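In what follows, a structure is listed as structure tokens, so that the remarks can point back to it.
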Amino acid sequence: MNGAEYLLFILMLSVFLGFELINKVPATLHTPLMSGANAISGITVVGAIALAGTGDADLAQWLGAGAVALASVNVVGGYMVTDRMLGFFKKKES
Amino acid sequence: MNGAEYLLFILMLSVFLGFELINKVPATLHTPLMSGANAISGITVVGAIALAGTGDADLAQWLGAGAVALASVNVVGGYMVTDRMLGFFKKKES
Amino acid sequence: MDLSIITSLGYVVASGLFIFGLKMLGSPATARKGNMVSAVGMLVAIVVALLDQGIVEYQFILGGMIVGGAVGAIAARAVAMTSMPEMVALFNGLGGAASLLVGWAALSPDANTFTLITIVLSILIGGVTLTGSLIAYGKLSETLGSGAVMFKGQQLVNSLIILGVFGSAIMFCLEPTDPTWLYVVIGLSLVFGVMAVIPIGGADMPVVISLLNSYSGLAACAAGFAINNNVLIVAGSLVGASGIILTQIMCKAMNRSLSNVLFSGFASVSNETTEIEGEIKPINAEDAYYILEAATNVAIIPGYGMAVAQAQHVVKELANLLEANGAEVNFGIHPVAGRMPGHMNVLLAEADVPYDQLLEMDEINPRMESVDVAIVIGANDVVNPAAREVESSPIYGMPVINVTDARTVFVLKRSMASGFAGIENPLFYKENTRMLFGDAKETISALVRELGG
Amino acid sequence: MDLSIITSLGYVVASGLFIFGLKMLGSPATARKGNMVSAVGMLVAIVVALLDQGIVEYQFILGGMIVGGAVGAIAARAVAMTSMPEMVALFNGLGGAASLLVGWAALSPDANTFTLITIVLSILIGGVTLTGSLIAYGKLSETLGSGAVMFKGQQLVNSLIILGVFGSAIMFCLEPTDPTWLYVVIGLSLVFGVMAVIPIGGADMPVVISLLNSYSGLAACAAGFAINNNVLIVAGSLVGASGIILTQIMCKAMNRSLSNVLFSGFASVSNETTEIEGEIKPINAEDAYYILEAATNVAIIPGYGMAVAQAQHVVKELANLLEANGAEVNFGIHPVAGRMPGHMNVLLAEADVPYDQLLEMDEINPRMESVDVAIVIGANDVVNPAAREVESSPIYGMPVINVTDARTVFVLKRSMASGFAGIENPLFYKENTRMLFGDAKETISALVRELGG
Amino acid sequence: MRLAIPREIHPGENRAAVTPETVKKLVRLGADVVIETGAGVGSGFADDLYTAEGASIEADRSALLGSADMVLRLRKPDTDEVAMLKPGCIHVSYLDPFNEHALIRAFAEQKVTAISMEMIPRSTRSQKMDALSSQANLAGYVAVLLAAARLPRIFPMMMTPAGTLKPAKVFIIGAGVAGLQAIATAKRLGAKVTAFDTRPVVAEQVQSLGGKFLEIDLGDTGQTQDGYARELTPEQVEIQRQAQKDVIADSDVVITTAQVFGRKPPVLVTADMVAGMAPGSVIVDMAAETGGNVEGSVPNEVVDVNGVTIIGTGNLANIAARDASTMYASNMFNLVEDTWDKEAKRFVLDMENDILPGCVITHDGAVVHPTIKEMITGAN
Amino acid sequence: MRLAIPREIHPGENRAAVTPETVKKLVRLGADVVIETGAGVGSGFADDLYTAEGASIEADRSALLGSADMVLRLRKPDTDEVAMLKPGCIHVSYLDPFNEHALIRAFAEQKVTAISMEMIPRSTRSQKMDALSSQANLAGYVAVLLAAARLPRIFPMMMTPAGTLKPAKVFIIGAGVAGLQAIATAKRLGAKVTAFDTRPVVAEQVQSLGGKFLEIDLGDTGQTQDGYARELTPEQVEIQRQAQKDVIADSDVVITTAQVFGRKPPVLVTADMVAGMAPGSVIVDMAAETGGNVEGSVPNEVVDVNGVTIIGTGNLANIAARDASTMYASNMFNLVEDTWDKEAKRFVLDMENDILPGCVITHDGAVVHPTIKEMITGAN
């Protein structure tokens, strides 16, 4: 068994999980959920860190640093925006 | 990253999935579901096949063959019993 | 490499089929198909495994499969509908045995610690599953007595066994070459399986089997780790996790906790005289759902609180859903329920409850013993057992609706406040009573949501 | 090895937190906590990644993080509540850009074909996400016109771009050393992102963003494959899958199909004159649920069919659930609905619908334009637009309830049969009408179940 | 155009053809509305309420009628009142045209256009003018109240400390407009309701109100184009009687509404069936005035036959006079408005219209309604 | 033990103290039940129905009373009938002990044990014998029916082709047993119901039936241990009147049930309030017999005050005589059975019991009920 096989397994399981998890979300949550999921997709930052840190090639390093910056915007901004949205949402409820 | 890491990932994802999948099963399905899941747990047969086939050591081979036999009972019997149960269940419904 | 890609893909496909199959098994409409899907998954996995092995030593594999398959098929066809549960127990035990053997077979001199741990887990869980299932089989088929077996010092013996299992497992990992420890582990795990199941009564066996089933999944998973096989891990942990959830659901439907099921035997030996005064057991709508879902005979006893909450329409909705779920539903109307004569009639007529579902107290009381769940909705005085039990009570001698005779009683009210007569109600402290606190309308709406979803 | 175990465990934990977080985000009560949980997961993943790297070349990492984090934080705090959606679009675009860069950076001369494919996927999806999100941002913030942009030959151009993307991607995989193909792929994917989003109107942007969000997850997943990183794969595919589902849900709530949203722009250019007579569009309870769930103003128009089905109690239940969900609910009663004067009043009073929710035809008609969903329950003649539109109709001139003015109309009946007056009803063929066939009581019970669950 | 509303002079009639509310709407159309003094008193509308909405009051009845371009009233007029009308006048009221041949002829001779409210077609569009329906509807409600107030039992089920009272059983024969409303009202009060009608389409309507439909196989029955029942053959009536016998004996209240448009209603409850009922039971014969569905019922009287009360009160809607007036007036207004010419401010007798041809009986000196014409010339 | 049931001779009284059903149960207890001829006719129970269940019939009233060990009746007896009883006899009926001092004294002199049905305590356990409740319950239902049958409007809302009829507005003053049932019945018929009571606990009960409770701040009111209202001070009555004024003017039907146990009921609806109501409105004064809550109401008559109908009919339960008898008889039986000695087949006057001490007025030649004793000796 090689790495790709494991990755495939992981992919399949995650996809299934993703489908199972998001089930009948109320309309009011569509935007925050989208935004929250978007923040998670900023996980690329981890990949970027790996590449920026390798020092393999100059280009890769610069690209990685750029990726880190962009992904950081996504992550930090994403979580904060989502939180603000949800805070607002809660206030409206009560 | 080594194999164990992948296996851990797979374990975690599968456990999550297992929890997500079985949600509010009606009481009438408890027994068939148990039985169906039991049949799946007969997957050990795959492991047994691997070991029985290796020819590594005499003992392992014999043990493997035994395991194949036992697991086969579980698999074949399990699926068939479940099917019979569900067939009966359907008849009662209609 | 070529073959390995096929193997990999095959295992992925098989796992996917297992997942789909399990999901479909959870709903009546698709259950049968779900079983097929997971069977196909199994077929794929086996074929792939065989391909992967080439044809080396095929006689062992084939032999095992033919013998095992034939036995399984014959048993499955021959078994009577009523003895299916014990058959499942038996199959499950064999699955455990298989895991035990696989773990054992995976033992090779060059195994590292991680592998050793997984091997010992595989053997241990497999062994417990094997004998535990066999005992469960025996109890269900009445080959063994179905009662709980208990003896003095049982707890001590069990503790010793557990210690022994741990000790020998550790020793085995440290000295994998010495087969003694292996045999000790195998032996003790087998004994432990027996000891764990004998003190549990026959009526609780389905829960035990479900739990052992979950174990056999875990055993397969451990075996998967031992021989580094993904599909075993996926399928095993799926079964492990879903089995645990299922066990939990079954416990809830019986209105028991898991530890209560597993250790009730032990407990009752040690302190037989602990007859406490009773305590209040609140329950939430979700747990109440599991109990209601499994009920086939439900009695609804409305009182003034239903009127206050204006819950009559949701009560009717609840009754409809319960009937749709196959339960018989009746309303028990006490003559003084509410605050004016016929108070309940007015409200239930408004909600269009058919007249013939309304039973007078004298009609419902004799039937109460066959009621699975009595739902007391904002009634208090009219279900107060003090009228029968407490001679000093101001309502002593008044006939009341005997909900205590039902298997389980749900009481819906907002607090522990007393009713019109201003007297304490011992019903709330009974063993089989569960309190659903909150406004009756909201509580019932929650139940309706649970039942509807 | 030591560090590697920590890394592995850390990634597992982070993935678990993402899963929990996403699950919690799906329910109003836990959403905010869910966001926190997934943020913690992200923190864990980043810390682990940093640890894994040692401190080599930390300046690049730290620099990037500080700059990016600061920008993100400032933007997130400064943005007005009303422009959150475009902010999300922007962030999403940056995420896409990051994936593009990671894919690019992962390119090394010794990459094998599998890795190359994943690299090209990462770049491609990342690029499309980037420019697509930017366009969406522009449309939402009205920096660009929010209308759909269309031009002659758009389809041809798009086809060419798609061909070009495929071609260059294949060439790149074959000749990874030639940077030209790489640049072509990058360029074309950026262009394609623009082209895909410009023909979609501003009102549909939330769906587009959700879809692009799903893409950015897939891009991260592809990047994960490229650099062989599990946590990227798990998180990316989680976002990919849940994003797709969410997109689907949003489409259903808008009563549109995904392809209708994505290609409506293209379609309307090519065949502008296809004004067909109208067709019957059946819908099932689940899809109807998504539309109802998102509605804030619902009108219920009962007719004789509600009486036949004796659906009044479930109708009331439905109204309650919709109100609990924040919608305004009114009943529009046509004077001749039913089979006797006041027929609807009798039934709705029985179900305890408050009098002030019952609006006469003249009261509800002017409000109909602000109604999101008009639910016609077993009414036919009294909602027949032929009374206004078809001069030859025997009921021409009779005032009817103008449900066609509502955004969406659900018609609940068992068949296409006509009503008492025996005339065809053009309502059933209108663009915004959906037919829920079946006994009204059963249909509404199904809706109640969906809404309750 | 001068619209005259005379007072209803039939003894005991409390309803009015027009209410202040409708006067307001008529005035808004541009009509000149004149009301006879005291026209609304029976329904609780004093003269000043009418004048407040723009009507004028006229005390002299013959002057009122003589000057009218259009007369709106409820009950049919006497022949001598017809003589007071000026030719070309349009007269709207109940007319009973199947029986009142002399009256019809008087209208024709006077060259008055007579519109019969009984003859309004029963189409979906004309329902707003259908006074038979609007009044029958109220009558159905009142019938149940009368029965309930006389029954020595209560309608709803009650489980009380002093025992359980079973719900009363109510049997309703004829589930037209009045019958359906009776079913609804009896159900509201908590009774167990069974109903029967010869028109098979009605079964579903009865069930739609929570009533039980009694299945009787009468062979071919059917209904007319206007939705009225056809007359049964004597054999069919006999089958029906036999099948209803047990239900009637078992009922606490029987309400009969069985009418056959333009014909004498069938006798469905015979004396021996009445005798079979428990003492204290109540029968309401809503067809008593036109001949009766119940043997022994006396029009406009309440009789006791061996302990069974038989209510023959006709004109039940009159008991709810105020609402009955409101609805009748609304029917009047809808009729007037339907073909009203807003420019010319006058009612247009548009015989191309889909409603008027069915209900205009005489016009311009001739009997124009085909069925009635045939009947009258046939009778001559 | 000989249980005698005399016929109710009060004019217009149709109820009976015992029904054939209860005779059956009494006979099963071992009692010897004697019924006066015609005792059940008013409720539809002929003599032979009683004999079929094991009762014997006695035509001679004085012989019947003279031989009785226990008398079960509904209305209070005349003093000369008390004289016919033998000493030691137990006499159960309504007695009106707060006012009928001469009667009480007669009982004491005759050494008869008199049980007053008014004085049955209102505990949860005694509800099965509580005739005040069982009869008030039916009276509340009947009151609404009477009002509905007289109102020139209908109760429910109706949206019809001839316009929308608004639901009638009903205001109920006093939400005790009768008031609550009136609320329920009016709601059933579709009216909009508002109610008021001085006892604050009632608000929730009104709402539990779908009625609206009128909030009036009267200061301290409260209730007695038995759940009866306390008498209001004159100031409180005035506050209440003012607060109700607008509601009454706006109502189509007003039903008053306000009683204060043992005292004259307060006048809550004054003449000017009646004048403020629209013509055609209906008032039912359920307290009319004991003094009246409504100014201008006449006991047992229906009067018209400027177009407003005021119904003063007392004894409303009597209108539903059959069900009223069933319930009263059931109360009787429950009373007898509660302390019946099955061995000795006799009723035991167990004064240790939690119910009898409250309702036994005289025993063994003395007035034993403390409150009544005080009142009578005080009056002397």
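All chains are identified by letter, namely A, B, C, D, E and F, in their written order; residue positions are counted from 1 within each chain.
We take it that a contact is a pair of C-beta atoms (placed from the backbone, for glycine too) under 8 Å apart; a residue touches a chain by one contact, two chains touch by 3 or more.
Everything quoted here is computed from the prediction, not taken from an experiment.
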item: Any chain that touches chain C and chain A; value: B, D
item: Chain pair with more C-beta contacts, D-F versus B-C; value: B-C
item: Interface numbering overlap (same over half, different under half) for chain C and chain D; value: same
item: Rounded Å distance between chain D and chain E, as computed from the means of their C-alpha atoms; value: 57
item: Geometric centre distance via CA averages, chain D-chain A, whole Å; value: 19
item: Interchain centroid distance [CA atoms averaged], chain C/chain D, Å; value: 38
item: Approximate Å spacing (C-alpha centroids) for the pair chain B, chain F; value: 74
item: Sequence positions of chain E contacting 2 or more other chains; value: 127-128, 133-134, 137, 156, 158, 160-163, 165, 188, 190, 210
item: Junction residues of chain A, two or more chains touched; value: 1, 3-4, 6-7, 9-10, 13-14, 16-17, 21
item: Junction residues of chain D, two or more chains touched; value: 19, 228, 230, 234, 310, 335-336, 341-342, 346, 349-350, 352, 453
item: All pairs of touching chains, each written as two labels joined by a dash; value: A-B, A-C, A-D, B-C, B-D, C-D, C-E, C-F, D-E, D-F, E-F
item: Contact set on chain F toward chain C in their complex; value: 123-125, 127-128, 133-134, 137, 177, 180-181, 184, 187-188, 204-205, 207-210, 354
item: Residue ranges of chain C in contact with chain F within the complex; value: 304, 307-308, 310, 335-336, 338-343, 346-347, 349-350, 381, 394-395, 397-398, 420-421
item: Chain C residues touching chain B - in the complex, by the definition given at the top; value: 18-19, 21-23, 25-28, 31-32, 34-36, 38-39, 41-42, 45-46, 48-50, 52-54, 56-58, 60-61, 63-65, 67-69, 71-73, 75-77, 79, 81, 84-85, 87-88, 91-92, 94-95, 97-99, 101-102, 104-108, 114, 206, 209-210, 213-214, 216-217, 219-221, 223-246, 249-250, 253, 289-290, 293-294, 325-326, 450, 453
item: Chain C-facing residues of chain B, complex; value: 3-4, 7, 10-11, 14-19, 21-57, 59-90, 93
item: Touching residues on chain F, where the partner in the complex is chain D; value: 156-165, 167, 190, 192, 210
